[in-house]
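The same chain A turns up in both complexes below, where it pairs with chain B and then with chain C.
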Partner chain A sequence: MTAVPASQTRHGSTTPLRAAGAMALPVAILAVLVLGILVSPSFLTLGNLLNVATSMSILGIVVVAMTFVLVSGGLADLSVPATVAMGAILALALQPALGTAAAFVLAVAAAGMAGVLNGVLIGYARINAIIATLATGTVILGIAQWAVGGVIVYGSDPASADLIKGRVAGIPVLVIIFLVVAVAGHLLLDRTVWGRHTRATGDSPPAATAAAVPVRRIKAGAFALTGLAGGLSGGLLGLTLQSARPMVGQGYEFDAITAVVVGGVSILGGQGSVPRAVGGLVFVQLLANVMTLAGIRTPVQGLVLGLLIIAAVALDILVRRRGGA
Partner chain B sequence: MTVALSLLAQYRVGLLLGATLVVALALVPGFASPITAGLSLDRAASVGLIAVGLTLLLAAGQIDLSGGAVFALTGIVATILQPALGVWPAAAVGVAAGLTCGAVNGLVVVGLRINSLVATLATLLVFRALSHWLTESQPVSGTDVMVSLVVSELQWGVLTIRAGLFLLLILLLHLCLTRTVAGRNVLAIGSNPAAA
Partner chain C sequence: MTALALEMRGISKTFPGVRALSGVDLLVKRGTVHAIVGENGAGKSTLMKILSGLYPPSAGEIRIDGGLATIASSADALRRGIAMVHQELNLAPDLTVAENVFLGRTPRRGPFVDRTALRQGARAILADLGTRLDPDARLGSLTISQRQLVEIAKAHAARPRIVVLDEPTSSLSEHKAQALFEVIARMKAAGTAILYISHRLREVLAIADEVTVLRDGALAGARSREGLTAAEMIRLMVGREVSELFPKRAATIGAPLLQVEGLADGGRVTGVSLEVRAGEIVGLTGLVGAGRSEVARAIVDLGPRAAGTIRVGGRSVSPRSPAEALAAGIAYVPEDRKGEGIVPTLTVRENVTLPMLAGLSRLGWVRSGAERRVARAETQRLGVSPADPEHRIGTLSGGNQQKVVIARWLAARPSVLILDEPTRGVDVGAKAEIHAIIGDLVAEGMGVLMISSEMPEVMAVSDRVVVMHEGRAAPALERGELDERRIMALATGEARI
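== the complex of A and B ==
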């Protein structure tokens, strides 16, 4: 890239820049919090913050899994809307026949199987992830629609909705589920052999292969995870709404990628962590909340978000001196 | 055996298309008429025009997720400017708007060195936001209904203007990719940027 030689990026002159890069996200979140307090008196209320937390939780589950896809160098999973829809539709449609709990488990498992299919196509058959997940997304959505033979399905167990929308010790159940998934994802990526292998695979597949990392299995595993997460996310969404349409998961893939990328996880793979991705999610969701409270129209919010992604990634490249990201 | 397989692989798209046509001819009454062919081609042309552009990008090893958003924005610009500029100048401005969007994408990907997947995801949001902004999220309609008739009319019994443009662009892109230096550069960049 520009003037600074590669040797200097590791020590010496760019260390402050690097530190700035690590601090950028916490500072940005703090700035949004301050902005929110200035903009609206209703921002820093328990009710509003709990609302933001609840609404980000369902997407957050996908964000955690999507982190694995990006870190493993798998680009992105565009079939998320389909697995979310599958989770939501099956969790509701199977309720009368199987009961709520069994229907939920089966819905998540079915979405997980779709994820495994993605994994096999991408990890083993080595099809480009964008193309593969675009194709399987269409197929998965078709199967989910065909399975229920209709357009909208409704829930038949309102008690389950109350449970999911309820609170335990003042904390919404959805938030608790998300936190459990996030902590589990973080430990998996940061503390286990699988996590180390995921980073190695994303960093350099040939080097990872040479080091006896099961590259194909690791890549496949990342997509199996997004399938499972999409199913879980969709199942919870279905129970919350008590209805599910095939389009229920629309936009989840892009929203999840946005959060992960704004969190500073490189799309080229090899680096990034679950806390960073969750930080990106928190930042984006808080910003959207503040803009809404400030009366900024949704179209303008999209404009801000788009520019934000570009700015975040450009900053990341500047800091890490790594092409792409 | 392997020769047969590789032939099969090489012409797979043609074979699939052929098989689809054969099944359709056998099962759908009236499928063989030129009107059906013309209308199918017309319907394919809208997506096809984007596909022509994407071919070039994929050949260069890139992706553009913002195609749909540019499609919408271009149509909206061309439609809302009709009262002020007249139909055809407005259409020209619409195309120019699309071109600008593409230039922005190019600038972000090449200038800022952002991965095309992430960059076009971001511009997708921006272009879509602009569309909503321009229209206040309401559908917009043109001033002259006759134009839509002209555009979707079958010329010489088979081709609409849109379909003709589509076929012409396919031909041009094919010649460009295989016969010109720029085209071969694109393919070279796609297969190995470092070597190119």
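== the complex of A and C ==
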């Protein structure tokens, strides 16, 4: 048995491969920054960077919650587009009746309830997460569409858009909200009983069960969290756009999973952290921005992102095989 | 040509730190049933794994029909005419009987399955074995004993020289076993050599022509059936000196802490009653598959519980999760350390505090200072090495991992600790340390129920011993009346429970 200094073992870099994996993300982000500067003079401007930051913030809220799903061994939540749409549609549709703030809170709560439903199906009824969230996503979207009757909902309180799109001390409000969510998510996963139970559940469900961890509740909780996050994300999106279509959340699940996986959070559960997932988000969003500035067309961008996911998952499996316990 | 189908001579096998087999001879005549008996861990399965090509032997030679053979893999074993029928059936439940019999060797016509040849071939093999199974029946619709026959037919279809039957009757009633014996008789008449591994000594006497007894990885004796008795086999199986490896600590025995009555798991375990008192170590032993772990798992609700009452300190409890069992005062350390014990990527500290984390937190927030103190105190108490609890548990040795998994429960101060094979796979030094820890715990007034397959361990550590056989538990034997032969007689069903 090899003794390794505690500082290295804490988050698990006991092998050179793991150590390389931990360094890969910062290096990759740096490389994209350099690439951006070379590709376009408009890349390294405050305007462009703030734009990237703002556009990643709404997605980022979902990324933080999706990290919990992956770490708990829950695979992924594919109902995100539906909960985002639910948040956006309800936040706008209920404005005339309830007022902006109450409508927003109710929209987030409703999406959270949808997440709880997912959690019950996956954690307690033990339905495969991919199938369950695919199904509930379709159902939720259907209900949302049916409830509002029409196809597009418009906002009735333009002042709320100004507030959300505004800045505090030069920082966009959306970015501040995202940072608060990210810090809260990180503390939740790293410092609380729930977070520890989430990691234990994802790492070894039988061992966690035997160690008196409420595994079913933990699994369910991760999906309740993505429901809430989807609602929050959608509500903010609705207020920003002042309009909401049922397909407004399309692609959010893919983009969130991409960020989390590229950040090195294991799809196999047990390993990962919010900062890593956020690192993955920053990398992917910067890369997409650079590709756009370089005039690379959308289909090619999709190709690059798809390959990135495959590479990240393959690397994760390789590290687990070589360096895993 | 020799009359011997199989000769294994001077077979030894060493694993890092363990000598599993030393100089074992096994000589099997053509057209005979040759039984191999021995306690758990006597080396039976290692020997069979060498024969089936799963392990290479460290020393010794194997001859098949007189010719020197090196068996490199299980495919190689099959080519040489050695077929294994395992305890866990390797069949596809959604395929038919015929498809299962020819699994891997399905007859074809061009790219298609030759359905006629498949059905007729299977019918012929089944008839050859004297069974009347429908080749078109879906395997999943058959009973366990019928599936066993399909597994044997599958082995027989390859026309092997040697068939190994590993505990074929362990899941069968005596009546169902009769059908199996007829099948064995037919295979034997066809000239096949049958290696028969069983714990049921009466059965061995009924069907075996010769018996090889293994003990502690060595040959204890090879006998012909004539004149052999169950008592003689038991004597050969256990005839060893009880070593002083496991010193027993004196503790004051007090009031009953755990009382289990009429426990059943809805499967094989029925009517199990036992009691653990304060300051007492109760050994729960029996052969593999007797239902020991099932009893423990039913108590803490890791496994099904169909009937029975559980009382802790006189109060009736009915835990519906390991967490509830812990709250009621019962902690369980599972047998499968890697799969169910450790959470491999968490640190030693995180593993120790896992079940009690809520108690070390304020409003869900882990108080890291308190957590570190508890982790350090508990790992120090059990002498976990390395001492720094910030190591990933996956990097520790097996013995130290086990100490951490035990430490996990101590801070919660359970009144009863159930240990399932606590020293399996740990080296001798760590074993003694774990025994010392158990001694300390009962000295503090805890009650310990220790499941173990190792007879010397059970004999040395326990105050009382409960022996299980096929899901039933015998009344506890007091320390004064502990006797290896008596325990073995109960475990093998020679003495009635």
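Keep in mind that, in the parts below, the second predicted complex is superposed on the first by the 306 of 325 C-alpha atoms of A that agree within 3 Å, B and C clash if a C-alpha of one lies under 4 Å from a C-alpha of the other, contacts with A are read in each partner's own complex, and residues count from 1 in each chain.
By our rule, contacts are C-beta pairs under 8 Å (C-beta built on N, C-alpha and C of every residue); 3 or more make two chains touch, one makes a residue touch a chain.
As the structure is a computational prediction, the values presented were derived from the model and not from experiment.
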### Partner chain in contact with A:300 - chain B first, chain C second, else both or neither
first
### Query
Of the partners chain B and chain C, which touch A:199 in the superposed model: first, second, both, neither?
second
### Message
Applying the document's definition of touch, where does A:41 land relative to chain B and chain C: first, second, both, or neither?
### Response
neither
### Task
Give one of first, second, both or neither to describe whether A:310 is in contact with chain B, with chain C, with both, or with none.
first
### Message
One more residue to check, A:191. First (chain B), second (chain C), both or neither?
### Response
second
### Query
After lining up the shared chain so the two structures overlap, which partner does A:268 touch, if you call chain B first and chain C second: first, second, both or neither?
first
### Query
Of the two partner chains, chain B (first) and chain C (second), which one does A:214 touch, if any: first, second, both, or neither?
second
### Query
Overlap of the chain B and chain C footprints on chain A, residue-wise?
1, 324-325
### Summary
Residue positions on chain B within touch of chain A in the complex are 63, 65, 108, 112-115, 117-119, 121-126, 128-133, 137
### Query
Where on chain A does chain B make contact in their complex?
1, 75-76, 130, 254, 257-258, 261, 267-268, 297-303, 305-310, 313-314, 317, 323-325
### Query
Considering the complex alone, what residue numbers of chain C touch chain A?
302, 321-323, 325-326, 332, 334, 336, 339-347, 350-351, 354-355, 357-358, 361, 364-366, 368, 386, 388, 390-397, 408
#### Entry: chain C-facing residues of chain A, complex
1-4, 6, 9-10, 12, 14, 191-194, 196-197, 199-200, 203-204, 206-214, 270-271, 324-325
